[in-house]
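One chain, chain A, appears in both complexes that follow, with chain B as partner in the first and chain C in the second.
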Partner chain A sequence: MRDALTNSMRASHVLALVLLAAGLMFAAFGAVTNDTFYLRLATEALIFGGLALAVDILLGYTGLLSLGQAMFFGLGAYVAAVVLIAIPSFWLAFGAALVAGILTGLIGGFIANRVRGVYFALITFGMAQVVAKVIYNTRSLGASDGLIGVPIVKINFGLFAVSSDNPVGFFLFTMAYVGALYLIAAYILDTPFGRLLIALKANERRVPFLGYHATSARLAAYVLAATIASLSGALYPMLRGFASPELLFFATSGNAVITVITGGAGTLIGAIYGSVLLTVIKSYVGSWTEHHLIVIGILFMLVVIFLPNGLMGVVRPWVEKLLARKTRS
Partner chain B sequence: MIEVLDYLQFVLAPQVVTGLTLGVAVILVALGLTIIFGLLDVINMSHGEFYALGAFMALALSWIGVPFWLLLVLVPLAMLPIGYLVERSLIQRVFNSKDRHVTTLLLTFGFGLVLEEIIKLLFGPNPYKPETPIRGAIEVFGIFIPNYRLFLIVAGGAVIVAVALIVYRTRWGAIVRAAAFDRHMAASLGVPVHRVYAIAFAFGVALAGLAGVLLAPIYSVFPTMGRDFILLAFTVVIVGGMGSIAGAVVAGLFLTQVQAIASLYISPVWSDPIVFGIMVIMLMVRPQGLYGRLGHA
Partner chain C sequence: MSGPVLEARELSIRFGGLRAVDNVSFAVERNLVTTVIGPNGAGKSTLFNLISGLARPQHGTVFIEGKPYRNAQPHQMQKAGLARSFQITNLFFDLPVAENLRLAAQVLEPKRLWTMPVSASRRAAEVVEQLLERFGLQDKAGYLAGALSHGEQRRLEIAVALACRPKILLLDEPTQGMSHGDTEHTAGLIRSLTSDVTVLLIEHDIGLVMSISDQVIVMHQGQKLAEGKPAEVRANPAVQTAYFGHA
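So, the complex of A and B:
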């Protein structure tokens, strides 16, 4: 017996497989043409897709709009950069970003979850501003220049190793990494805990009457989102060789929200599709005008007005129907 | 003793005056934000871009020779129809959606992006430095105050008082407060609620434009000028209480003084984290802010 949530997750997985296939084709194409620029761009799109994934866990499933998710993304990037500059080990940086994500998520969640609705959006926004400004002013973290000189890392998997300066290898690795984050998020949201979050989104006051503790469920969702954002951010200095305070600014958080809304909130995979789509628009429109934000802004406004469920809100029900027909026959 | 007086006169007092100038301007912007929130329940994320639009309008009009005094009237008047149209054609479209706060926040955020980019397209990304319309300085109790700053404080203060009088002492204000308190009841008593919404939005946007005109000669004019400024205005609105006019005034004066004094004693770069920290703490302990909402006592 499968319920609506499991069915929709299955549809998301199918769409994820489509994206994976497209990504593999893209990687093969990039390897043949010996491309660096577009592979790096696609890798970046996936990394920011990870941040959008975190926003979607809060917005699409728990009903909390975070305007400061970039704080965790940037913290992950800085933690990874600091570790990598000291000891160039991927797994150490990964572990540090994981711990940092959980800890800062607990602290941030404790602060933010005291308030609801629009105040939640504003408090996440305020926290991110404070942290961003503190990092911006801290000389030992490079202040406004950011941390530069992050070395190239070899990501060792025992049997083989991927170097971060290999465009194809690092793109494939990032795809697997963000894919794993997606699967973890999808798995957790498909458990009874995930259904509890959806119940919180639908009606928070009724949840305690069913015997659940609303506050701790919301905190757990917040920590999950913080950790995913931090782990996504950890890849950024490996790709670009630096971490800059801009990663924590509102522009980054706002971009992640635009990505999720355009891709489709509450679909998880929509976050990744949205990130890819926006990157394509940015580089395509950006090739003939520097004012690509006009196009993205108008597209975003149109989506908010006419497609409140985003791109995947249109595509996914269609995939769901297709899947349902297949299982029936 | 003399050292203390000298310190007050040459170090502290100028800083307080600078803070007051900024405070008056921030209150003008925050008033628009807070009226729009109090009445429409909408967080206008494009408010900072309207502020920038006002400054750029003033800049463009001054190029064709319009005197500064006229700009103070013309720019807010020109902002009114823009605000009215934005409310009618954009915000009303999603006004009745399931989650109004989030949807309108996102929509105005998108609109702000587009507006900022259009300004960038028209004027380029570089800052302009308009001439100060009133030159010279005046000595008040031994403190030198540039004439223009004094004018800004007086004129801005007058506008703030006028707004408060309009909202609390006129028939128009009563209609706005009634609509904010209970829109259905106001509507059933014959208040054209939707038109009131659009006019109030336009009014708030015009105040932002006026702040842009007033501040342009002090700070430079550039397309992203609204960004940092609006963060401060948001903080003022949150600390004062979303939708409270008195709160915006009190918090505006308080926070800009905190900023001015903190940059003196700690460091200018740390004034921002301190002010935003106050906002976060306020949201934690008293999310509704210092004062109650518009129309609610």
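So, the complex of A and C:
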């Protein structure tokens, strides 16, 4: 008998493949039509999808509502920007964002994990506001203007290189990068450690009696999510050439939560679908009204009321059944 | 190894002015069933909380195989070989029955499997299969724990506690709310466990207590009132006054 949770994760992988195929088609179309705008927009959707992935690890798997995940995303962006301005090396920027994500995740986790529930949400919110304000007022980081002048970076893979100013190349690279973050998260969530996070969400009070220190497990989940957010943020200055304080603001954190809930919390791939969907809606609605936030707000309410498990909450069980039937026959 | 497998020495805790557990000491011998009885509010569950690390005693020490545990946390008591079930069903209701058991069994796996997919956890999978069968839950393996009937949830509650292969098992009113047939069956099950675990039980059904216990501890208003073989305890006049309500 195959594990039900493993089976659900496989269904997510099938849906990830569908998205990958769509992405490749989109890239081919963009290449043929010599598009820049939509490829860049789609790249941005994937980068923010990485942030949503981090939120889903906390919200959908560990049962923690973070209202400040953008802090780690923004820190990753600033760290990468600072490194790239000094030395335009992708791998150096990547390494710096990785270390920054782990360290700030540990610090933030020590603070936020002292409390639960609403208080956890408020503390994560507060920490992000404080850090955002500090950056906003730091002249050497460009203050309210943000850190501009991030150079074009050549991402060297030995056999070939991708330049961040090549719309198709950088889109494909971002797809592979966020795809790797997704696969790492999916792998971890299917290990005994990952199941422990799922257990924390289901019933935190029983976890200690299974022989685990619940607070440590929660901290580990927090660090993992911080690292994924930071690594996602690191791509932002490569795409846009700057990092701005808005990346750390509540709008960014809140948007990531909306993305996860719309896409389907606790499905992982829902984070990416949600991000793509919201980006499409924003750019479409934004073309005929400035008030796209109203539309997003109404859409979000409709999702919460009619699709409480999000888009993937509807689609994934259907794929699961398909998979189950296939293994049985 | 000789000596008691579990010993409580002078355990005490008070909540405000209430002495919920008051200077309670006892020892439990290996592979026996020891039952704690006493009227509602006597402090039985609180005693379990003190032993399992859920509550910290203001005074006293718990010994497992002679080793002292003072102010240990629940996960440390689990490592020491102690597992417990709860009076109020405390399961992972949103997860499948099999996953409830697998989660509890995963500590049995070597550390290196911690970072491998759970499908590599053969030992845990074996334990899950055994327990599903032993507790008659095979047909319900894929159900969410929250979707089980009350009796099934109570059985799963015991099975989850057993899944980490403890040396000492604390069961807080395992048959609470069960049908008569289920209660009989569970009593037989508990008795059969003693081939490899030592059981400390809280139970209200006096018939069941008399039939499955090797040793009985009577609690009353936080204190240990009496201790002995079931028949001895039943004949004790103080116990009859306090507990059975007549002398």
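Note that the second predicted complex is superposed on the first by the 328 of 329 C-alpha atoms of A that agree within 3 Å, B and C clash if a C-alpha of one lies under 4 Å from a C-alpha of the other, contacts with A are read in each partner's own complex, and residues count from 1 in each chain.
By definition in this document, contacts are C-beta pairs under 8 Å (C-beta built on N, C-alpha and C of every residue); 3 or more make two chains touch, one makes a residue touch a chain.
Everything numeric here is computed off the predicted structure, so don't read it as measured data.
Taken together through their common chain A, the two structures put chain B and chain C side by side without a clash. Centres of mass aside, this uses C-alpha centres: at chain A, the angle toward chain B and chain C in the superposed model is 80 degrees, to the nearest 10. In the superposed model, A:41 lies in contact with neither chain B nor chain C.
Judged by the touch definition given at the top, the superposed model places A:141 against neither chain B nor chain C. Considering which of chain B and chain C touches more of chain A, the answer is B. In the superposed pair of complexes, A:195 makes contact with chain C only, with no contact to chain B.
Touch criterion met: A:203 reaches chain C, while chain B stays clear of it.
Residue contacts after overlaying the shared chain place A:14 against neither chain B nor chain C.
Using the contact criterion defined above for the overlaid structures, shared-chain residue A:176 touches neither chain B nor chain C, since it reaches no partner.
Residue contacts after overlaying the shared chain place A:121 against chain B, while chain C stays out of touching range.
Our summary of the superposed model lists a minimum C-alpha distance of 11 Å between chain B and chain C. Residue overlap on chain A between the chain B contacts of one complex and the chain C contacts of the other is empty. Of all residues in chain A, those touching chain B in their complex are 59, 63, 65, 111, 114-115, 117-119, 121-123, 125-127, 129-130, 133-134, 136-137, 250, 254, 257-258, 261, 291, 293-294, 296-298, 300-301, 304-305, 308. Across the complex, chain C meets chain A through its residues 52-53, 73-75, 78-79, 83-84, 90-96, 98-99, 102-104, 106-107, 109, 113-119, 121, 141-142, 160-161, 164. For chain A in complex with chain C, the residues that touch the partner chain are 1-6, 187, 190-193, 195-196, 198-199, 201-203, 205-206, 208-214. Those residues of chain B that touch chain A in the shared complex are 43, 90, 93-94, 97, 99, 101-103, 105-107, 109-111, 113-114, 116-118, 120-121, 227, 231, 234-235, 238, 269-270, 272-273, 276-277, 279-280, 283-284, 287.
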